[in-house]
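Structure in structure tokens, see below.
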Amino acid sequence: MVHLEHVNLTLGGAQALKDVTLHVERGEFVFLTGPSGAGKTTLLRVLYGDLKPKSGAADVAGVDLMRLRGVQLPELRRKVAVVFQDFKVLPERTVFENIAIALEVRGVSSVSIDRRVRAVIRALDLEERSYAPCRELSGGEQQRVAIARSMVVNPELILADEPTGNLDSDLSRHLIELFKQFNTYGTTIIMATHNREVLSWAPEARQVHLVRGEIKPPPPGSPGSVLDTKPIIGGSL
Amino acid sequence: MVHLEHVNLTLGGAQALKDVTLHVERGEFVFLTGPSGAGKTTLLRVLYGDLKPKSGAADVAGVDLMRLRGVQLPELRRKVAVVFQDFKVLPERTVFENIAIALEVRGVSSVSIDRRVRAVIRALDLEERSYAPCRELSGGEQQRVAIARSMVVNPELILADEPTGNLDSDLSRHLIELFKQFNTYGTTIIMATHNREVLSWAPEARQVHLVRGEIKPPPPGSPGSVLDTKPIIGGSL
Amino acid sequence: MSTTKLFLRGVADMRRFPLPQLCTLLTVCMVALLAGTGLLILHNVQTEVLRTQAQARFQIYWKVGADLTAVEAQWADLKRAPGIAEVSTFTPRAALSELMRGLAPRTSGGALTGAEGNASSGEDFSWLEGDNPLPATALVSFNIPPDEQPEPWMGRMYARLKGLDGVEQVTYNPTQLTLATGWIALVQKAAWPALGFFALVVGLVVGNTLKLMMLARKDEVEILSLVGARPWFIRAPLFANGVVQGLCGSLLSLVCLKFLQSWLRSVLDVPPLFLKVEFLPLWQSLALVLATTCVAGLASLIAARK
Amino acid sequence: MSTTKLFLRGVADMRRFPLPQLCTLLTVCMVALLAGTGLLILHNVQTEVLRTQAQARFQIYWKVGADLTAVEAQWADLKRAPGIAEVSTFTPRAALSELMRGLAPRTSGGALTGAEGNASSGEDFSWLEGDNPLPATALVSFNIPPDEQPEPWMGRMYARLKGLDGVEQVTYNPTQLTLATGWIALVQKAAWPALGFFALVVGLVVGNTLKLMMLARKDEVEILSLVGARPWFIRAPLFANGVVQGLCGSLLSLVCLKFLQSWLRSVLDVPPLFLKVEFLPLWQSLALVLATTCVAGLASLIAARK
């Protein structure tokens, strides 16, 4: 699903990604960890075609990111759904509209949109706020809308950037269960997170640890590293 | 410092705060907890004069919120510094400018601005990014800018809304230590948080638990409730 | 989602920034109104000039003391000549009194005012009536046939009139023609820069507004692109917005222009001007609407690209 | 932070949206240019009309056969009379030839064209020279003293001229005055709606742009207010921005207007028009700049409020 080989990237003069090699197979569940400013978001942005690596080879869901051209970008983004760290919901649109938009751009019929949006709204406990504009939502509610928007399209790959930052323990746990469920149906999931609790809820997931743009072995004390049973692929260890 | 008596507030037809009575004395450290959508942000917005209660009595730092008039609002906001859940940094301005702005509006001399801004930038480990525009910062870096902006003005009261949502454990812990330091110098702190770890790092702090706009006793399992030694003031328990 | 649906969504989205939309609509309307006013002036000047240009005036002097009955018979013939537009005839006596009027203080408004002025100041030239040395004269205007070159045609007509019985002299003014040609050249010289200028203003106003509207909505555009929308999905609603702005604005401006024209007519169709300000012909009205709509649509497309 | 500093910050901030700022500047410039063109036309028409209005023309007819030497002495006196603007004198012979020209085909351009036309078609009225019945005449123009009411003053002057030795009749044309007054009324009737319209367009364009600029920067305004900025701290930079826009735009428009005026003069100061298009007087230029700047500043203040 994701194949990065020796990817380098500079942002504003500094090297944001250094020789990153990462392979994620279809159906894997991967946690991306690392201190603040390590390059987690940058790596995810590369994966959804928002940033182009300076060098290396990159392929996501069969799309060659190094040769990405105008028309291919929408194609890539229809296969890959993203939960952004800063949510990126439309403040003036309702919860329903914000979630439906991901289906509308894919040309789904409105009957089907209605059914599918209602289902994710229920799954994320947003039913009460369905028709409220997103600007009137609490932080956690907005985050759930962003998550719902990524889930509603049934993508091949979900990239989730710190999706539990504004959720309490119970909701976070529920969310991880949802992601795991998607995962068992074949969706590949890459989730950046700081939260040690979250890592412990998905012990079967692989942990990829970034430090200053480089993939490193996870620190020994972290739950992920203790529970991680798969070898860390790539990185300069 | 904060005196709310039977405060009620409706937002979009729903009762967002129900009969909230809360007293916080100068120099206290208070955690505001509760599930997503409980009204934590709403309560903080009342405290910095962004929302006006429908009924009840409210007084913050000597300003009567029920009779807040145009000219008093800037006065209130010079005494109360806020860390917003969605950061609210200016994306086009540099880290330095974003922090300095809080001093500029107070008419601080530029020499003094320079000194004080550098100090908080150092305290929050943002030195490397001082002159980068905020749009180029990672989520955690932006959050630290927002925190730095609230600390730099040496306010009487800091309202922090989920300030560790995008920070890893180490940074979160460091932040809580900083807040505790401010607190010992006399700054009152009210912090909304979901993070149980954070609660455990400041065991001496009082926990105020909100559920659907009402103050309730904290759930028995939570670290706050276990460690809280002070009685919960107000609320309809 | 079908293009029609996207367009409808664009129109529906206009409610979201009602004030800027209204402002823009008004601005477009006003700029289109300015362009329309320019066209109106142009059209009316053109009409006036073309009417003048197509006519040739000859002044015919008969011999002094010629037989008035014969001359009057010739006048009657002239009035029936093909292509004739206007004939004014003067007996020697009428000519003298007309001449005296011509010398009286006159404003730039022309002979008509002079005549009025004399009437109002109650002049009386009877004291001049002695031995009248003036000949019978006629002022004849012809419509130049559209398939003829004006200059040679006038030369031939001059020869024909000169050949009439008892005619002493014929004068005509070729510079009048030059003048008309000069006017047209002037109008054309001024028209293109002026219309270009108006188009530039329309483009700038609409483009700038839509660009800023884009800026205010850039989050929305970014998010649409991030969830996989194709460029057209993002641009179609904006394009619809621009087109609707252009269309409504220019239609509204036509309504305003109609009022302006009625007002101008009521103001200008009085002595001494008697200018009948006409409304734009249909094709020009349509061109105005079409041009404004196109400029607005184009500007919105440009504004919608990154 | 001092107000000066805030203003400077506002000006420095203009770099942040360079394209919309440039667009707005151009739009302001163009709308101010339109207003300036309106003023230019108005000013020139007004100058023309005022020149005509302030003068009174009298046509003096001496008795037929009056002694020409005595008459010529009177003419010399007339030329030295106070307030005299122009004297044209005609001996009977000159009058006849002038009169014949007056009857010749003439365009709306006036007597001048007629004269030219005659010259070019090589007319010759010597065949008319018989027993000349015409009197000596003079066409006299006075500047009406500015502290006098025109109508009674003309009546008195009429009586004085009528009383001159050997004068048979004096005519003057009060309607000329009426006409001038009518022109002024017309200009004034049209001027205020037109200028109001221009001001509205300026206001809409600048206001709309700044409003949208505000919309694009509303986060900034919100954050400033949240960290405790007083309203003036937020508005001063925007106000400075608006004022700079208005000032630069209108100054630029004056430069453009100067070019337009030079071009118009080169186009219009040719036969048969001879219109010397003048530039706006200093106070009108300043008024244009001031008005645009004020409207822009005001619009920015309005745009800056919630």
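The chains carry the letters A, B, C and D, assigned in the order they are written, with residues numbered from 1 in each.
Note that a residue touches a chain if its C-beta (ideal position, glycine included) is under 8 Å from a C-beta of that chain, and two chains touch if they have at least 3 such contacts.
On a predicted model such as this, the values are computed, not experimentally measured, just so you know.
Contact with both chain A and chain B is made by no chain of the assembly. Contact analysis places C-D first among chain pairs (by count of C-beta pairs in contact). Farthest from chain D, judged by the mean position of CA atoms in each chain, is A. Inter-chain centre distance (chain A to chain D, centres taken as mean C-alpha positions): 70 Å. Work out the mean CA point of chain A and of chain C, and you get 66 Å between them. Each chain gets one centre point, the mean of its Cα atoms, and the points for chain C and chain D are 22 Å apart. Taken pairwise by the contact criterion, the protein chains form one closed cycle in which every chain touches exactly two others.
Here the touching chains pair up as A-B, A-C, B-D, C-D.
By the touch criterion given at the top, residues 48, 50, 70, 73-78, 81-82, 84, 88-90, 92, 101-102, 104-107, 149 of chain A touch chain C in their complex. Here chain B touches chain A in the complex through residues 11-12, 35-37, 40-42, 85-86, 129, 132, 136-141, 144, 161-162, 165-171, 194, 196-197, going by the rule given at the top. Those residues of chain D that touch chain B in the complex are listed here as 1, 16, 219-220, 222-231, 233. Contact residues of chain D toward chain C in the complex are 17, 19-20, 23-24, 26-27, 30-31, 34, 52, 57-59, 64, 95-96, 98-100, 102-110, 113-114, 116-118, 120-121, 123, 127-128, 130-135, 137, 139, 168-169, 171-176, 179, 186, 189-190, 197, 200-201, 204-205, 207-209, 211-213, 215-216, 218, 267-268, 272.
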